[in-house]
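Letters A, B, C, D, E and F name the chains as they come in the text, with residue numbers starting at 1 for each one.
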Amino acid sequence: MTDTLDPDLRQRLLGVSVATLCTALFKRGLRQQFIQALRPLNPGLAGNMVGPAYTLRTIPAREDLNPISVFNDRAHPQRRAVEECPPGAVLVIDSRKDARAASAGAILVTRLMVRGVAGVVTDGGFRDSPEIARLPFHSYHQRPSAPTNLTLHQPVDIGLAVACGDVAVWPGDILVGDAEGVVVIPAAMADEIAAEAVEMTAFEDFVSEQVLGGRSILGLYPPTDEQSRQDYAAWRARTGR
Amino acid sequence: MTDTLDPDLRQRLLGVSVATLCTALFKRGLRQQFIQALRPLNPGLAGNMVGPAYTLRTIPAREDLNPISVFNDRAHPQRRAVEECPPGAVLVIDSRKDARAASAGAILVTRLMVRGVAGVVTDGGFRDSPEIARLPFHSYHQRPSAPTNLTLHQPVDIGLAVACGDVAVWPGDILVGDAEGVVVIPAAMADEIAAEAVEMTAFEDFVSEQVLGGRSILGLYPPTDEQSRQDYAAWRARTGR
Amino acid sequence: MTDTLDPDLRQRLLGVSVATLCTALFKRGLRQQFIQALRPLNPGLAGNMVGPAYTLRTIPAREDLNPISVFNDRAHPQRRAVEECPPGAVLVIDSRKDARAASAGAILVTRLMVRGVAGVVTDGGFRDSPEIARLPFHSYHQRPSAPTNLTLHQPVDIGLAVACGDVAVWPGDILVGDAEGVVVIPAAMADEIAAEAVEMTAFEDFVSEQVLGGRSILGLYPPTDEQSRQDYAAWRARTGR
Amino acid sequence: MTDTLDPDLRQRLLGVSVATLCTALFKRGLRQQFIQALRPLNPGLAGNMVGPAYTLRTIPAREDLNPISVFNDRAHPQRRAVEECPPGAVLVIDSRKDARAASAGAILVTRLMVRGVAGVVTDGGFRDSPEIARLPFHSYHQRPSAPTNLTLHQPVDIGLAVACGDVAVWPGDILVGDAEGVVVIPAAMADEIAAEAVEMTAFEDFVSEQVLGGRSILGLYPPTDEQSRQDYAAWRARTGR
Amino acid sequence: MTDTLDPDLRQRLLGVSVATLCTALFKRGLRQQFIQALRPLNPGLAGNMVGPAYTLRTIPAREDLNPISVFNDRAHPQRRAVEECPPGAVLVIDSRKDARAASAGAILVTRLMVRGVAGVVTDGGFRDSPEIARLPFHSYHQRPSAPTNLTLHQPVDIGLAVACGDVAVWPGDILVGDAEGVVVIPAAMADEIAAEAVEMTAFEDFVSEQVLGGRSILGLYPPTDEQSRQDYAAWRARTGR
Amino acid sequence: MTDTLDPDLRQRLLGVSVATLCTALFKRGLRQQFIQALRPLNPGLAGNMVGPAYTLRTIPAREDLNPISVFNDRAHPQRRAVEECPPGAVLVIDSRKDARAASAGAILVTRLMVRGVAGVVTDGGFRDSPEIARLPFHSYHQRPSAPTNLTLHQPVDIGLAVACGDVAVWPGDILVGDAEGVVVIPAAMADEIAAEAVEMTAFEDFVSEQVLGGRSILGLYPPTDEQSRQDYAAWRARTGR
């Protein structure tokens, strides 16, 4: 998997919204890249979460295979994922959309943060969620869930393509998260999507300014009349965007 | 549809809670007027959302009918709804309870606000929800949803009776929203419901005061004993309500 | 039912997290004690909710049995529960996971608070939720729900074993709630669980400190290497825990 | 509870459909008496299931209280319910709409049949469902479910008002089941509802005959034109109904 | 709307499966044309249901607008739809996926059959389902539902684009139903889709024969090796397809 | 994975029910081995499905990776699974409980049958389900689903531990299916579970006979009184079981 991200790409993805990225993906025929029903634990964090996916897969926990002692094994996939997820990457946990037990807790999330990981995403829930919400670290889940992961989730492997919130996540795909949620950008499209999203963002900033100033959206959004296009060109010249 | 609202009616509805209105409707046999599972994007806004319903209906988006270019059409129902919803009205979007793609985004919601619309309600989700949450404007949805509406929702008509969160919404029905949610009051009943709710609110304010002061609810709420009724009469005299 | 709680037990349960308690229960084979999908209305309250369960059971409301006048009856189980729930106990309402109508509203919750009850929990929703959220009182529900309980819920009895959010709640079981949610501890196990949770909390505080300082979780969490155990012993000696 | 049923009432309820009974209840303001999402295991059985409700309530099974040995206790509520449900009554099991584990199996259902019970209804699922489907006995559930009830359901009491498939069931209410499903008729209304349903059935049989013969429903169903009313009178005279 | 169907088109659609039609639509980018979660009431009927859509839309039933007397109005949209749906067309009822109350019952369905309508589809449920299942008529629903439609569904208009089981249905779209379910073919594509489906069916019949005879699917399905293509050409020559 | 099964083990598992196997697993602490919400397509088939699991895993289908042409690749995991699943094994498809598009269709299922595979199980749906239902082959799914798997499911790998209907399935685990559903027996426990299930089946056959003959379940089921144990011993002697 790609564990490093071109700094320029990262920079561009830090400044665009997940909604804009979804539209750029939609234009290329990708309609199912937004991870459904997630919430950020700490929506007030400045800046987007941006990083390539590092995946951890779980299956339902069979009772005899999941006593509390399994964590004595240093090779347990959850613990390995936490220690081996590359700095700058996003740990994506496929929890089969089941938030009845936790995907991980505050100690593991803290370790990810300290190791320089970019964020953590599960389509289940985190335990110790109040503590996680206080960390300066990007984390996304469905809802808080106090029971230990042993109750329902058995981590089985690392680095495979997985499902997360009804989205396919291939290792190395670029995840971007803001206060709205998380989108998955296929690795091979990331440059093109980022470039388009930067352009769209400039235009939408112009439009927002105009609309706040009282202008109608008709002809402006999208810019079907000539005046709108001229005004936008002038705005870009003026603002240097 | 009714696009103006009697100022006195509006005033009374600004000062009562959605919960109280639901009880007044219940007494008249209407049990299903609370739009289920919505959240305000900006729960801290002062005052209720109050206004007659202006409706936009959607159906599932068929892929060939929903390329990004459809918005070039000024007659597209979503764009028309945003430009034509009367000031003071509430735009109600029937999104079939499907929040997997957006019902609208921040630019359209800003335009509604600038045009003087009273609020916007969908039983789906909004994109650009963090931006919408910062607008001084009443908006309600199920959850944030970044994908463009073209992904799943095709707006088809304006001004028809629709479903929203399991409630029937007829154009001109009065919507009232507070930090708890949104209730739909049939237009013909609005005066009567508002009058009763104002009375109930005075009584419940009295009761709250008494209960905070240590009084039992038995005999007081409802006021089945004579003492409660006398105390309430005295309270009304004293407070001028 | 047990309406008093040993002060020492209460003290210990005030200082541990619901997540830690779930793990202690898991070690004893109890996997389903976390009430699913609840949220605190006032997550910022200091300290845990702790108290024995006092239960109220509901069934679906049949229309002819639930006119608004039923509350004239002082023996109505909901009203009785509010007046009779012992100070220090937690009122647990089995609402059959149905939040389409309210389980109770602000006046009743205020009365519970004034009476010294420790908290209120429903697997449905509360009405007047913005008011309840402002009370210095522990309350948990699924989501706000403005319609009166008469719409869908008929309280039928008090003091029986009930279901709440897929958990069995026996009268006298100890409920503990924090910002993450609520766990149900069988009465007979409460001492043992509390003792273990206090120990686990000390250890997890030590681990958190170490992990924030840059230490790997391998060998430390769980403490499989000798160094970790020695460091923890030293930390306990130093911190007096 | 009422464990006997007037033979004439039973006779009338044997010959009308659940759909017709629902309409008669609707006319009296009762809208939620059809148990949702049930299927008969043996839809080919001749005649309706008719009998007063005898109720068994369950809560979630706590693991330590539900080892396989609990059935050694003759007083276990599930076993008692099977031995004590009166002949002619219907055993109604409140399984909290959870079909992930069984409510009962073929041996218990066979015992109910042999004892002369009128039928068994759960809003969960039965195990040994292929065997149950071969018995000449009315049984209704949501779907087959092989795991023993100990897995998820703890029976706690008998003879209380319960919820079943979103319907309130009071002991002694009359349950009627046909190939479509099961309706709950409040005991005090049963005579009146049965009488009306018999009338409605005669009329609908007349209408069906007419419609099959090519007549329009307009004016006929409901019989708003004079000709329809005359034809029906003639049909009643002719058929003796 | 198109109320007649080219006989040749109908003929071709009678002989292909819904699954094959879905694949032909998928190849043209249409992924959401299969109505989700429906069942035929009478799966043993010979031949497909084929016909253009005639649509009836419902919203939630407000109690005061839906007394039993509304059917006295000959212009009630449900009754009008039943009398006016063209012979050969399919009546499609948008019931908002809500099967808790009926969309229609046996008398209305019988009238549709007698009038020569091709079939009836709802994403809710039918009442009198055992009677409907005995009619030689194509009908599809989610599950049986005895309560009268007045309980939850208010029909509001006829002939508009609607949603049915998460599919957009435009009046005149061609519906095809077999024992598996129902697919919606956009009117303008019907010829092309039918032609391709006939071709695909011939090929799949050939493949089935080969596979039953022991041949591997590799190289055969799809026919990537030359031998498969030659064998198929020979089979077509031999069978005249 | 284990692709052969001891003939004696298979024989014993052919003669016991899934319900009985679930109870034997429950006694060993395994509570989640019954695949939830599946139905056999052909419930009338004689004998159980028995065989070791051979697993195929899917993730959501990304549109650009799933054109119809992917099946030209002989190494496509779905096609490989169909050609390589060992005779006597059960192909288990992890479809993430999503039945909105197919997991496979009749041609592939026919190929599995011809190759001597024991059965096929998905927690999604099959297309061509009417054809599959006519094959003398064990197949289980959630519900019929006509859209091609390319719509929503991308098969990604073979032979890994997967989730199926909320059950962990490890390659080589023994699957047993009857008309009620499918249970997953951990490979290492299969002998012990089969032995116990054979014993339990004998006893339950005895009990059924007694109960049909009018005997009470008290003391008999479980056999807590001495008479029951003696009668059973006599029955075993007499019947040779």
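Criterion: a residue touches a chain if its C-beta (ideal position, glycine included) is under 8 Å from a C-beta of that chain, and two chains touch if they have at least 3 such contacts.
Just so it is clear, the model here is predicted, and its values are computed rather than measured.
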Chains in simultaneous contact with chain A and chain D: C, F
Shortest contact path, chain C to chain F, counted in steps: 2
Pair from A-F, C-D or E-F with over half of its contact pairs in common with D-F: E-F
Of all other chains, the one whose Cα centre sits farthest from chain C: E
Farthest-lying chain, centroid of Cα atoms versus that of chain B: F
Numbering shared by both copies at the chain F-chain D contact, with half separating same from different: different
Chain A-chain E separation of Cα centroids, rounded to whole Å: 40
Length of the line joining the C-alpha centres of chain B and chain F, rounded to whole Å: 50
Distance from the mean Cα position of chain C to that of chain B, given in whole angstrom: 32
Two or more partner chains touched - positions in chain E: 31, 33
Graph class of chain-chain contacts, one of line, ring, star, complete, other: other
Pairwise chain contacts under the document criterion: A-B, A-C, A-F, B-C, B-E, C-D, D-E, D-F, E-F
List of chain D residues in touch with chain C within their complex: 28-33, 59-65, 96, 154, 156-157, 160-163, 166-169, 186
In the complex with chain B, residue positions of chain C that touch it: 68, 71-72, 74, 79, 82-83, 100, 102, 105-108, 110-111, 114, 127-130, 143-148, 150-151
Chain D-facing residues of chain F, complex: 17-19, 21-23, 26-27, 31, 33-34, 36-37, 43, 178-181, 183, 204, 207-208, 211-212, 214, 216-219, 221-222, 224
